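What follows is a pair of complexes built around chain A, which joins chain B in one and chain C in the other.
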Partner chain A sequence: MNRIEFDVVVVGGGPAGLSAAYVLASKGVKVAVIEKGEYPGSKSVMGGVLYLNPLKEIIPNVVEELKSGKAVERNVIEQNMWLMGKDGIVKIGHRNERWKTDPNAFTVLRANFDRWFAKKVEKAGALVIPKTKVEDFLRDGDGKIIGVRTTRPKGDVYCRAVVIAEGVNPILTIKAGLRKEDLKPNMAAVAVKEIVDMPEEVVNSTFGVESEEGTTIEILGSWSEGLFGMGFIYSNKNSVSIGCGALISDIREKGIKPYKLLENLKNHPAVVDLLKEYRTQTKEYLAHLIPEGGYYAMPKVYGDRVLVCGDAAMLVNSIHREGSNHAITSGRFAAETLLEALDAGDLSEKKLKAYEEKLRESFILKDLKKYRDLMPTMEKNRQFVEIYPDLANDAIYRFLHVDGTPKWDVQREILDMVRERRSLASLSLDLLKFWKSVR
Partner chain B sequence: MNIVVCIKQVPDTTNVRIDRKTNNLVREGVPSVINPDDMRALELAAQLKEKHGFKVFVVTMGPPQAVEALKDAMAFGLDEAVLLSDRAFAGADTLATTYTLSLGIKKLEKERGPVKLILTGKQAVDGDTGQVGPGLATRFGFALGAYVTKVESFNPETGELVIIRRIDRGFEKVKMKLPAVLTVTSELNEPRYADLPNLIRAIQYEPLIWNHKDIEADPKKCGFFGSPTRVVRTNIPPARKGGDIVSKNEEPEVAAEKLLEALKKFEAVRLVESLRTALGSDE
Partner chain C sequence: MPRIEDKLYLNRYRTDEKHPHLRIKDESICRDKCKDRPCINGCPADVYEWDGERMDVKFEGCLECGTCRIICPFGNIDWEYPNGNYGILYKFG
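For the complex of A and B:
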């Protein structure tokens, strides 16, 4: 019987796996991507903002190609942050002309983007096998990984190395012995998202942009009912993505249903005004887990003949909504490490450790390390989401609302308001805590 | 002996929406799949191939993107796939479709040997006519077994087969002889989960693509110009109102009694009475 054999098998056809496969195949390595979904991207959920830098590293002229195709939605030229109070919002935003000529990020719908990426990978010479789930490794008598077993009949695939890009559920990562146990509820957020229909011209006028250009809004505050979570509204070509996420542990503890959080967000007066009647034109409803355990929750990312990339390696910076760029970059690092290892004919754990070093020297682990204490701090300090967004709204409202009160008195009122809700000592301590966790 | 399976690429009905203004299917962004009944025809062909070593060809008429459906079909471990694709074929009704398909099959016969069995789904989920199978049988002068739910026996030596087919009031057992066309229903079998070698072969397979010249078709008999059928108007049936709930969380006896009362209101008395008689109730 003919054995199915490849140099490298990549498990998972998301950004991490496709990136690894693309780099490997471009260098003539015989590689297969095994994806359990109907097609790459079919099971993916992302806000989604896709940063372009990692793609530019591996695909020449990628920005031009993406702009002219249907793989991406809009070029992000403006980014906003909303602090949401019960009946108001404090907005901070930035818009820059430079992003128009030199795009930094696109909004994307992953079903389209991943399919485009998969086509590139196929053109580079890799085989993308969809609708097929990898359930375990094949091992030789000594326990060395020599391939993967899929759930299909005659489904064994032999290879010299495996790239695990399986996403947030660490099934193979555990089977490879790189993670001891499944994720804990405080290591993953559940994100829910709706795509609502909105004609292109309405998107343009709603967000103050031209066609092709888009804006993003991140939203912290009242919608989350005291949970630490981020909401978002992203403009697509002729739709809008709106969603939010919160840690599973929090959701479980508070007993709030994720869709309820999304309803809160959608029913906030500011969002109602923004999306108007299109708010209810839901085209798609999606939900997914996001690995948010950060630095401390990372598995070991290398082993004998195996590497772990993207979400499976916990490479997500939730505070900056970055994940797909980490995924693509980690995929490239994995591929580069394997190229050297295949050349040297040495795929041992010792040789593949170079992958971790690459991660460590890059923005990926530097950023993850920088924010390693942020989630634990937020988890323990509810005031950040329970008190401050409302406080900021009420304070600014009082400051801007003119009713004949002398300004000295207004300032005193605001100070009293702050004191009433949070003592100045606690406030300073909170600032210090926040600074310490993000510095 | 060769078998031909005719398939159609259709919108995935689990994802179909209807544009309320134009009453047309919204096909944009809706993934395409192989028509579900055609999957059963493919499975039957794959089984016959495995058992008797026949060659199986899969044929479809459609736009260039229909190669995807053919590639999916090849995962059943079939021999070759042919796409009949040409602007001249577009807008075809079932008369023009069977004309084009039959010429494609004839070209296959010429090049690969005689075709004795043509299989297809009983009807496509998007058009619902159920006429292509019978049309092909007519054009080839083959025996027709429509709405086949089971192949009871098949003798490859004599070409005799016994099928069970669904008819209006039950099932019919039919003995027939090749050459034949069978149109199959979803009860026939459960399409397989393709094995990995066949799946990989299917992904890498490039179907043959034939245009009207390749199959020596008269463009006037193909597509829109060869189609006497005109869709004058389509109607959407009025939305049905939800039913009434006559009983909720009550004992079965009470609930049953309430149901009977409700049924009587809907002039279902006769049915109720005959049910009672049948059940031997003395009330």
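For the complex of A and C:
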């Protein structure tokens, strides 16, 4: 029988899978990436900030390559956080000249970035097989994974090990026996996003940057109607990504449509002033889940002849909106683990456990562990989204609005405002809770 | 509020008419057991619509996010990705 055979099959052509395949192929391993979309990137969505550090680790000269390959949009030189009240915003931000010469992150559109990355992977010697969905695993008489079954006719692909990089929906991770149950509604956020058209010069003047340079805005507050969620506005080359995500459990409880939340955000007076009529020039409407379960919701990430990377492994630090960097780094760790295992001729669960140890020793699990109690704390303490954004806006408005009231009285008014909406004792307790969950 | 259909119209899809990738496992659960039918609200593409008797599943507009499967209190949605090369095909991502 003529069997199609590889050393490693990677399921999923996103950042995690492509990173694993790139490292493996660069070392001469026979590897295939199977992607269900028309091409890698055609089904991929993220907010749009790609940190460069993990790519620098595997691809020489990557910043120039990304730019010349038109794989990225703008170099992020300024990052902002907005606390949105009903009629105001409190802004915190940071802009740094150093990012202009030493880029830290780019805004990206995934259809471009993933396709570029897949071409690099092909050049390194891997076979990228698009338009093909993996349905299940092939197993031998003992139940050991020996390949994958795809939906193509005669589509069985045999291999010595599989890297699951299927993304947030754990269909194959469950079939591999590495996750007992599907995600629960509090383990994922549903995010919706629009790409709105904006000419390059207008992007430049709107965000106060030169061409090639961009800014990011994360937005917490009134748009979410008390749901736990984050909004964002990212500047692209000649478009803007605007979107928001909220926990599925919150969406279910409050019965608010994800798209209604995005409309809230787009129609806030500050956003209307910023994006003007361009905010209605939508070019694409997208939706995707973000893993929010963190450390406690991770599957087992290794088994006999199988490893799990990226979103499928729940490797997202949402408070810092970091996910693709965890994906790329976990893909590299999976590849390094497999290189050692292939050399030793031992692809057993025991040998592949080294992958988890690599995750544990790195920022990935250190950060996930650090923030493991943040989401549970937030879920139980609605005041963080229901009370504080408006309170902060009203307090700062009162402080800055000059109307002849002596400052002692203004301070007293602000204190009364705080007392009325959240007692000082509760406020101190909240600060302590927040600190405890992120320290 | 703009209609969701107008937003979906901007997207590129390749629909596999013969193979719906979303299926209600047991219609009677939606009708008799499920009170608030959260799939209807949760879906960002308005795929689910209750016609008074049964759940209409307009899988053609699906953005393949997975919310419906996770939000269904009865695990009553048979959810899979469309076959390779079908479904949503983003131009920008």
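The criterion applied here is as follows: the second predicted complex is superposed on the first by the 438 of 439 C-alpha atoms of A that agree within 3 Å, B and C clash if a C-alpha of one lies under 4 Å from a C-alpha of the other, contacts with A are read in each partner's own complex, and residues count from 1 in each chain.
Quick note on the criterion: a contact is a pair of C-beta atoms (placed from the backbone, for glycine too) under 8 Å apart; a residue touches a chain by one contact, two chains touch by 3 or more.
In this text, all values refer to a predicted model and were calculated from it rather than measured experimentally.
Enquirer: For A:K407, using the defined touch cut-off, is the partner it touches chain B, chain C, both, or neither? Pick first, second, both or neither.
Expert: A:K407 sits against neither chain B nor chain C.
Enquirer: Among the partners chain B and chain C, which is in contact with a greater number of residues of chain A?
Expert: Chain A has more residues touched by C than by the other partner.
Enquirer: Quick check for you: in the superposed arrangement, does A:I4 touch first (chain B), second (chain C), both or neither?
Expert: first
Enquirer: First (chain B), second (chain C), both or neither: which does A:D182 touch?
Expert: Second partner only, chain C.
Enquirer: Kindly classify A:T150 by the partners it touches after superposition: chain B alone (first), chain C alone (second), both, or neither?
Expert: Both partners.
Enquirer: For A:E38, decide between first (touching chain B), second (touching chain C), both and neither.
Expert: A:E38: touches chain B and chain C.
Enquirer: Looking at A:R98, would you say it contacts chain B, chain C, both, or neither? Reply first, second, both or neither.
Expert: neither
Enquirer: So, does A:V128 touch the first partner chain B, the second partner chain C, both, or neither?
Expert: first
Enquirer: Just which bits of chain A does chain B share with chain C as contact spots?
Expert: After superposing on chain A, chain A residues 38, 131-132, 150, 152 contact both chain B and chain C.
Enquirer: Okay, in this complex, where on chain B does chain A touch?
Expert: Residue list for chain B touching chain A: 31, 193-197, 199-200, 203-204.
Enquirer: Enumerate the contact residues on chain A facing chain C in the complex.
Expert: 36-38, 41-46, 109-114, 130-133, 150-152, 168-169, 171, 182-185, 187-188, 190, 192, 194-195, 239, 248, 251-252, 255-260, 263, 282-289
Enquirer: Give the list of chain A residues in touch with chain B in this complex.
Expert: Residues 2, 4, 38, 127-129, 131-132, 150, 152-157 of chain A touch chain B in their complex.
Enquirer: Show me the residue ranges of chain C that touch chain A in the complex, using the header's touch definition.
Expert: Going through chain C, the ones touching chain A are 1-2, 4, 7-8, 10-11, 14, 36, 38, 41-42, 44-45, 63-67, 69-71, 75, 79-85, 87-93.
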